[in-house]
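Down below are the structures I want you to see.
Each of the next two complexes has subunit A plus one more chain, namely subunit B in the first and subunit C in the second.
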Partner chain A sequence: MATLKEYQDKLPPKLFEELKDETKGMADSKAKKVAEAVYEEFRMSRVEPGESVGLVGAESIGEPGTQMTLNTFHFAGVAEMNVTMGLPRIIEILDGRAKIKTPMMEIFLKNPYNKGKDIKKIALSVRETVFRDIATEFLINLADSTIEAKMSKKKMDDLSVTDNMVLKAITGTVKGITARIKENVLIVKTKGKEESLNEIYRLKEKLKDIFIKGVKGIKQVLPVKREDEFIIITAGTNLNEVLQLEFVDEERTITNDIFEIADILGIEAARQAIINEVYKVIESQGLNVDIRHIMLVADTICSAGRIKGITRYGVVSEKSSVLARASFETPIRHIINASLVGEVDELTSVVENVMLNQPIPVGTGLPGLVTKSTKVDK
Partner chain B sequence: MARRKKKKFIAKKHTLMPKHVKLSEKDKKSLLEKYHINLKELPKILATDPAIQALGAKSGDVIKIVRHSPTAGEINFYRGVANE
Partner chain C sequence: MTEVYINGKYVGNVENPEDFTKQVINERRKGVISAESNIFYDYKSDEIRVECLKGRVRRPLIVVKDGQPLLTEKHVKQLEKGELKWSDLIEQGVVEVLDTSEEENALVAFWEKDLTKEHTHLEITPLAMLGLTGSLVPYANYTQSARLNIGAKNQKQALGFYASNFPVRMDMDVNLLHTPQLPIVRTIMHEISQYEDHPAGQNMVVAVMSYKGYNMEDAIIINKGSIDRGMGRSTYYRPAIAEELRYSGGLIDEISIPDKDVKGYKSETDYRYLEEDGIVYPEASVAEGDVIIGKTSPPRFLSSMDEYNLASNVRRESSTSLSHGEEGVVDFVLITENEEGNKLVQVRLRDQRIPEIGDKFTSRHGQKGVIGLIVPEIDLPFTASGIKPDLIFSPHGIPSRMTVSHLLELVGGKMGALAGRFVDSTAFQAEGEEDIRKELLSLGFRENGVETVYNGMTGEQYPARIYIGNMHYLKLKHMVANKLHSRARGPIQLLTRQPTEGRAKEGGLRLGEMEKDTFVAYGASLLLKERFDSDRTIVPVCSNCGMIAIKDVFKNKSYCPICSDSEIDDIEISYAFKLILDEFKSLGIYPKLELENKY
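Moving on to the complex of A and B:
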């Protein structure tokens, strides 16, 4: 359609595509009228230069946030797995916490596994299995200073663990011991001379946590059917190792740990993940926040190339003004530190000017105007 | 028995990962001129970022990122490469 060509550069691609679809089969003059009206509407709804987008964004997320606080306790926990939801989750994301409360992964599978082939077996193979999971009883034999651990055959079959795997894992992790298995009882003997009871006890505790198979960090697995394919939801996360498994769809598998995403997939992926995660919480609470506000926050968090939370250690610490930093949290420390190095406050942003009762320089995209003054002769 | 590789996974394609392109010197110059900014004012991307390892970008380059935005369709975003 030739008449619409001139609007291609003026309108965002999505709007332009929609316009093209809607005006299909219209007369050229009519289509042009429609396009003109659309462009006018688009121009009017754009953010004006000088709008304080950050402030509007903060209000727009903050107000529904007050509703969320009340809702949190009612909706905490999903039917099958406990997940941090509501305001605590939002705080967790925006603060840029490296350790999140309930790490989770959604593992997508490749064909034919996503149709349900061996789904249970695969799910279990991803789960972290430690020795504690298959052992039922621990005994310390004081006479020979050995440790005897009874293993459950049934549990071992369920998790498809063999005697050999156990032996290999144990001798591979702990040095200076001999281990053998006799009738489902693991007998561990230290190689050295007589060990004190204390040390044997410590060895016993160590044995319990020996990693046998699976992916480290995945504490729980749950295969579920979503739409028409099977996925595995896990408690605990390890994106790096899961993506290396051959049956995993490495293009769609995600985690809710933003830092892990930034580490494996890059800062841009982390930005997208922040938007998705925050939006998911807001949506699940039945609230309505425009996604542009969340995008702005995500952009701010990721603008330094790595994740910086909205805290006194993150983005706030980068503010140039001492007074602005002091107004956020721990004011005295900021002021003392600033006075020690003789910092100068240029009063270029909002908070410090509010403090000093001055007009605030506010607005995104406003140019600073510099004029040359010329003398006028009278 | 566990097939654990300590190696870090090198992601090539992912639904969360938009396309990254290194700008040529000429494009870089016209970009900075268009917005009247200097390189330091662009948002940053670390030179160690996994998404740009294949591009061989170093400090001072500009990376164009083609984002898929739910509000605008496809949109270009720029980041300057920085060491730390």
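Moving on to the complex of A and C:
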């Protein structure tokens, strides 16, 4: 492998590893030829200096995007779960919205659990169960200041909720009450004196939303067979807690909430998530956009170490040039703020130079000719 | 209980909605309630809606009772004699006008023979479902509705004989077709609307075939011989107007040949067509730049500056002249007075328009197209009997648009032309296709309208038989002569020094934001700079304070009004950027330019 040594620094690690594997057992001279060809190919596929990658990327994503607007709503109500797709989803990701419209998880399971046995039970154990889900009827007894909630035995069994769990959850969250269960009826009594109807009513509403078991934030679960294993698709997301469940395959389980990924798995994971999510939308529309354009966008969004959307508050506000920022949105604000601190515009990028009618520093406008000047004595 | 709404406002409830609705309708037919109101019982939502506001689409129908129409032979006879009017029929409740919602509860029979006990109304004629221009489309019921709409719309843009008093009218932007004809394939609406008095369009021999690719994408081929014989020729009338305006201080415009010392005096040749009164003489052939009405105005500002101005009280030139690309013959001169009592001069110019490549024509079926090629008559294909088409229409226009009426008109027109009679093609009651085919066969032609055709250039017989016949084609008012536009250099805007916009101002075609992006993406940096230098300026900049300096051309010296004795450099920037720097200054922002050597 000595022959390949010189390429170690020339090629990216992944490519080098692949090259090493492929040339295993080859004669040195032959391996060298292959390596040379690989290096040449790599060299040629690199972006040349002065290529306006950003603009080409913007056009490459933007042009198919115009076609997408028309198709977006054709999927309404078809899938088993309503997911934001198409242009609204892309806008959501690229704008860097912290609250996405339809948060979703795909939970992969470890070996014994993913075979389909008890899959429904596992799925339901992940789901957030609140008191509302098991209660069938609420009664307010004004005379005794009590609330009587009838619970469905069947629902409790389905969700494997016991009386004890209910009691614990309720006394654990609401203070100043006593609760007991008699023949599937939960009776809640306020410890204080006479409560007004208004307050009891508020308590009743509060009871409905009391969290009993499961993972908070997971509103809906759906076990699905994918290839030869069962996975759980959820509406609502809580990556942190799901990853801590013992039957969950932490390596493959994902969420579509980029911010959550950035929080829990770090910015590099968020970058990859952006690429995957955007690419998924583009693919689902039957469009063909080179992944490198999306990678560039993802890099830009994540380059600050946290997610910054492509908006005037996000990456655009990071631009160094005042004129470039002013040419995007809210020009007066940018100009005035810049003048307050005496900003200097170095005119290093495209927009400013178009405004001034100077050659833009891309393509043929990038290189300059340097000559050595010598003094001529007369 | 059913809620009742009048014009969308809740008014109350009724116990028995169906009886109530019936009662209202009966009262309306008796004339107790206005005939312009409509009532609709929506049994899905159990609501009654009464509407009597303007803007509803309504149409008349004959009232039917127990399967018998109320309109009888007696009525028709009386109508013919003029003893009965339309309004009488409505008053008597024989005919009523339904709006779109009341129509929902009506069962309308197409023909009298279809009437049953359930029917509530009878069509006066099925044609009444269409509007005026819609019912002028032949075989309208054979065409896709979208195309019918387009066909109806196109008729409104057709050139024709719009008014017989046109010589004494001063209309703006008007076209007149020279030899309009009545369509051979007509509908009864042509009679009703007295189409003979204001015809539009001409009957042309149409061949459905391709011709050297010059009729792709809806283009049409036109016979040069037909044009020479006057087909599709029209005149375009356009007025030039000048008014003697009155200004404060008793000053007034004057329509006359301007004196030579007038401010803004054009060259003498520009005024050569004017007579002593300052107006062109009729039949003068004028072109771009020629003055039509000579006029001078008083000076714009009568300020104190005039004391120092020796050439004070110099009047301004404000003549009306032909703008860029316009030409024509002076047709009619009118001198009159307007409401304010000001002298008003109107000059009507006339311009003959011979069909040229790019003029728009259409059949009556929404099959519009633009002339793609004008072919000399000898090169056109001809039939065995020596007929050459006036117009060649591409067959690719038919399948996707499904305008079957277009094809029917072609055979219908052929039969009518050969038999020497009009063909009735009124929607729903047209002469049948079978009959047309039979009659065409009896006239010695193939029943399907197809003929053997020979190549006009080689004389060879075409392997395919060509569908050829007569159609009524309309020349539309969109003519290239009014739209053609190009510019290399030309006028610029005062404020931005960028090219003006629009054809009327001889403007440039904008290289917009997205077009700019293509240059950037390609890396054509210097080309981009060249494309955007329409407002390039050279500005002196003070190297000390970074503000724009002053260039004194007489002394050939630049200096900075703020810094004395500083170095001044000339830089090249867009004028738009100079403007934004000025705007910054007006905002109280100091935009300092720091210059450095580019090399």
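A few points about this structure:
Heads up, the rule we're going with is that the second predicted complex is superposed on the first by the 315 of 378 C-alpha atoms of A that agree within 3 Å, B and C clash if a C-alpha of one lies under 4 Å from a C-alpha of the other, contacts with A are read in each partner's own complex, and residues count from 1 in each chain.
The rule is simple: a residue touches a chain if its C-beta (ideal position, glycine included) is under 8 Å from a C-beta of that chain, and two chains touch if they have at least 3 such contacts.
Because the structure is predicted, anything quoted here is derived from the model rather than measured.
In the superposed pair of complexes, A:I335 makes contact with subunit C only, with no contact to subunit B.
Shared-chain residue A:M165: touches subunit B; no touch with subunit C.
In the superposition on chain A, A:G50 makes contact with subunit C only, not with subunit B. Within the superposed three-chain model, A:G214 lies in touch with subunit B and out of touch with subunit C [touch as defined at top].
When subunit B and subunit C are set side by side, the one touching more residues of subunit A is B.
Of the two partner chains placed around the shared chain by superposition, subunit C is the only one that A:V344 touches, whereas subunit B remains out of contact. Looking at the shared chain after the overlay, A:L287 reaches neither subunit B nor subunit C. Contacts of subunit A with subunit B, set against its contacts with subunit C after fitting on chain A, share not one residue. Subunit C meets subunit A in the complex at residues 516-517, 520-526, 528-529, 532-533, 535-536, 572-574, 576-577, 580, 584, 587, 589-590, 594, 599. The part of subunit B that touches subunit A in the complex is made up of residues 1-5, 7-9, 11, 13-18, 20, 43-46, 49-52, 65, 67, 69-75, 77, 79, 82. By the touch criterion given at the top, residues 50-52, 55-56, 58-59, 335-336, 339, 344, 350, 354-366, 368-369 of subunit A touch subunit C in their complex. Across the complex, subunit B is touched by residues 12-17, 165, 168-169, 211-216, 239-241, 243-245, 250-252, 254, 261, 263-269, 272-273, 276, 291-292, 295, 299, 302-306 of subunit A.
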